[in-house]
Amino acid sequence: MTESEKKIKVTRKTRPKIGVYVCHCGINIAGVVDVYALKDYALSLPDVVLAREYKFMCSDNGQNIIKEDIEAGLINRVIVAACSPRMHEPTFRLVCKEAGLNQFLFEQANIREHATWVNMNDSEGAYKISQDHIRMAVAKARMLLPLEVQKVSVEPSCLIIGAGIAGMNSAIDLAKEGYKVYLVERTPTIGGHMAQLDKTFPTMDCSACIITPRMVDVAREKNIELLTYSEVVDVAGYVGNFEVTIMKKPHYVDQEACTGCGTCVESCPVSVGNEFELGLAPRKAIYIPFPQAVPGEYTIDMENCIQCGICARPDVCEPDAIRYDDKPEYLKVKVGTIIIATGWDPYDPTPLKQYGYGRYPNVITAFQMERLLSSYGPVLGKPVRPSDLKAPHSIAFLQCVGSRNFREGGNKYCSRVCCMYATKQARQYKEKHPESDVYIFYMDIRAFGRGYEEFYESAAENYGINYIRGRIAEVWEDKDHNIVIRAEDTLMQTPIELTVDLFVLSIGLEAMADADKISSLLSVQRSEDGFFMEAHPKLRPVDTLTDGIFIAGVAQGPKDIPDTVAQAKGAASSASVLMAQGEVEIEPYYSVVLDHLCSGCRTCQSLCPFGAIDFDEFKKIAVVNSALCKGCGTCVSACPSGAMVQNHFTDIQLNSIINFAVKQPPIENGGK
Amino acid sequence: MSEQKNWRYAFFLGCVIPNRYPMIERSIRDVFEELGAELLDMPGASCCPAPGVFRGFHIPTWLVIAARNIAIAEELGVSLVTGCNGCYGTLRDAWWDLEHNSEEKKNVNKLLAKIGKEYKGNFEPKHVIQALYLDMGKEYIRGFIKHKFKDLKVAVHYGCHIVKPSDKRPWDGEYENPTFLDEIVELTGATSIEYKEKFMCCGAGGAVRTAVKEVAADFTREKLVNMREAGADIIINCCPFCHLQLDLGQLEVNNFYKDIIGEPFHIPVIYITQLLGVAMGMDPSRLGLIKHHDLKGVSPFISIQPFLDMVKEQLI
Amino acid sequence: MSDNIEKYIKRKVYKGTTSKIAQKFVDAGLEKLRACINCGTCTGSCPSGRRTAYRTRSALRRALTGDESVLSDIDIWLCSTCYYCYERCPRDIPVTDMIIKLRNIAVEEGYILDSHFDLASSIFYETGHGVPANGENNKKWRDLRESYGLPPLPPTVHSYPEAVKECQTLMKEVGFRALLDNAKKLKDKRKIAEEKEENQKEGK
């Protein structure tokens, strides 16, 4: 559809000529109410000059009907009575625009979601509600005035929070497209949780082998500014123009001077639990997270450092790289888009006392098992059990620990990866110890991805892994710290009691413990399950409801590596669409100050949740930053002088709607 | 020791305590008196009614009879306290259900009106252990301890209904590994020993004992085997039905399962207030520990003489 | 020939009929029964199940699928209501309450053990106690009470006959008496039918 040359001029004085289009929406609306009667009803309302009905107003034909009426000069206001404006408001607005009518002279009456869909068995009731909605739309349409969208430019740069496999992939794609990327990671190294994995299913690729090339790519990419051991502490602004403050945490080691010799680590007297090794091994207060860390930087963990001064001695640190007086640095950057790729935390099974985690030494999580299996882990890939450091002859895995749990403190969702990672770990152990007995206790085996079912079949047929359908009820340990398991083999309808050397809990994935910090920093919502909420679960999986901010990876919900990478690339693509366009339209719902009425009390400024109101010291009146304003209406209702007007939702428009809603207007034209 | 009565409760007796193990009633009455708590009698209280049997037969009957019992305590203006897990389970669960379902509460009161009673729900039903541990507190009770055991190994048996359903109990949802009863036991200087399946059911409840005695006895057999293996000197409990099952049931186990248990069992079964009372320096006669009769075929069925000997050796 | 038929031919096929039992659960607000995914945590936790033929999960599965034989199964009376299943069910189903409801339905259909029936109809209904101390047979228990310095009868229904009447009134009004009478009728009918069948078999 090409845009019309002729632009229809509409002012406050122009008489409204409203066209009402009632959509059948197939049987969604027409199957419940009489759309023809609604059309006639619409025609009887003030200032309505024509009314039509059509099967699918959103179709090309439907849209054409409106376009033709506008171009013929018959109407200067358009109402479509159909679905929710969240579905097709943009569609019909575009039609108006292309026909030469200002797109904000359009109003949509929702007679589907708000009338027929919720009253499917009450035709009469649905009809009355539909009438109400059409009447209210007419009331507003009569008072609508033309508005212009704002165009703001979009900075060609992106902030990516989190440098795991998702963040890194988004960063590389965007950087290659030519955009500047700030990749912020709060631990000292990139790689995320994937660096802690040994092998990946179903290919049994070594995780470090497939991720380290990506890590090196990230380090090499000129367009990526890598900010490890850093955190985002403030975000202001709006889509295309985010002002971000990043805190670079002090390493207490001069990275320029440091040669990476590692002598400091050997000499450090302080040992603490190693987070990377999930508590299975120690690290010193001065440390590098793991050998292949990128960047290969040493850091002092000041919380545990006793400042003994040994590492700073010239015979220990020859290049003299230790800096106890290091301070955090703050960096302010301006970016056009943001991608949240903050990943996940493992579920902590300590509260599930029936499984003995934290009480019996030979109960570990699968994540810890992963480190035991890892060739650069604490036991160099030869798993042993904690109580006697001997290789277990028998291992039992329990699936769905912390997941699919509707109890208080449990997560209702399925964590998606555990069936496969348990099968993988079981297979790895069987490869190392073919004579061992490995059991997987499950409720369901979810092997949904490519190659997954085949992997599962092979685990049982070729590797002899025992799959027992029954969720373990309780365990305890015997005199030798073996774990005695009680469950029901539901397929045999028999209770079983099984003794194993090692018990592995297949824990689920959870949203990061401090996800709420990111949530409030960026004003993005989280779903009930704690993960960041996508704009639409089916159609907008990488967008958030905040323009310009995207999500990728497990931050949006549990998923495996293929899906994570796909989503990361999707988020990069969505971000680059915005940045490639170079500018973005912002809806003109902002509020406007009526200068002559403003008394300068600043109530509005103190209440604005988006910091969109400034104060003009000379004129002593409030000023709205229209790009920051999200049109929430708080200032309008708070202003004691009535000096705030909100575009597209003025008092006059709203009062008109209310009046028409509660009383029937006179049928003849001209009623006001 | 305070002269004032700091706490007042309506004493709900139930059936097993007054009618089969009156020594438990004796010990509760006297220990509470010593601790400064007043126990009021509940005239006309009936069977709670027992949760396993009567709730299993007809939930509405169970609910209305329980509500009647609670109403008797309400008329006295205090919370009721019971020494039985089963009664606690019934009265507390009934109170909880009625407080969370106004329809049910209305219907129950319609029935109670026919006998001139009303259930209001303004006092929570409590257990003797709840009164000791949460109302009075360990520190308060510690002040009454006069003598401490030097070497008494106690197999503590909680039973089931004192901790479950955990959402309707006052223990912050803890049911896998509670410690409150162990803590009270250890106030007396005794050691609460670890034993396999410490929190397993005794087998009496849920209508099992009245359905098939041998099944209940097999639960008990398993518990006794574990207690013996861990070296228990005595068993401590806070429920008369568990007490009965571990005491009379011990005889039944020795009979039914003589072929698989080896030596017959003879572990004394003691109620918590009896143990607490001796540590508080009270005369064992006030605690139902001394026989003042020569009746045959009455409780206790397993001799508690070994315990009385230890009391003599270690405390006095 | 006919021996083999009896031995080997078992025409037990699940016809997938709608479960009347499940509907009773739904009507009583216990539709959580339908959320069961058969994970087996309940049976795995059950102290009875590992020494008897009682299977918590199967009992509820039979209720859900309408296998009415679960109502006459003695196994549902071997649950000691320890509540572990209730505490551990991942679908947050109040499992023990479900078993209790199943027992209620069984009693409605007249499936109640003789020992339980006597306990309810004779002992509880007549005395107000489940374990009484009145009557000739219980003299030793009254003597035992006195030996501990307690009154021979406790201040319960045993000392207040009008309280016993109150309980009986309630039990009548709430339908307990009628339930028990009906159960007795059904039990007697079944007993007669069984005896007839036995006689016929022996006659053969």
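Observations, loosely collected:
As written, the chain order gives the labels A, B and C, with residue 1 at the start of each chain.
Going forward, contacts are C-beta pairs under 8 Å (C-beta built on N, C-alpha and C of every residue); 3 or more make two chains touch, one makes a residue touch a chain.
Worth saying up front: this structure is predicted, and the values here are computed from it rather than measured.
Viewed as a contact network, the protein chains are fully connected, with every chain touching every other.
Chain pair with the highest count of contacting C-beta pairs: B-C.
Chain A has the C-alpha centroid lying closest to the overall centroid of all protein C-alpha atoms shown. A separation of 52 Å divides the Cα centre of chain A from that of chain C. Averaged Cα coordinates give chain B a centre that lies 24 Å from the centre of chain C. Under the contact definition stated at the top, the residues of chain B that touch 2 or more other chains are 176. For chain C, the set of residues that touch two or more other chains comprises 84.
Counting partner chains per residue, chain A shows two or more touched chains at residues 354.
In the complex of the two chains, the chain B residues touching chain A come out as 173, 176-177, 196-197. Of all residues in chain B, only 13, 15-16, 18-20, 22-23, 25-26, 41-47, 49-61, 64-65, 68, 111-112, 114-115, 117, 160-161, 164-166, 175-176, 200-201, 203-208, 210-212, 215-216, 218-219, 222, 288, 291-293, 295-299 touch chain C in the complex they form. Interface residues of chain A facing chain B in the complex, by the touch rule stated above, are 353-354, 408, 476. Looking at the complex, you find that chain C touches chain B at residues 47-48, 51-52, 74, 77-84, 86-87, 94, 96, 100-101, 103-104, 107, 112-113, 115-116, 119-120, 124, 128-133, 138, 140-141, 143-145, 147-150, 154-157, 159-160, 162-164, 166-167, 169-171, 173-176, 179-180. Looking at the complex, you find that chain A touches chain C at residues 354, 400, 404-407, 410, 443-444, 469-474, 486-490, 493, 495, 497.
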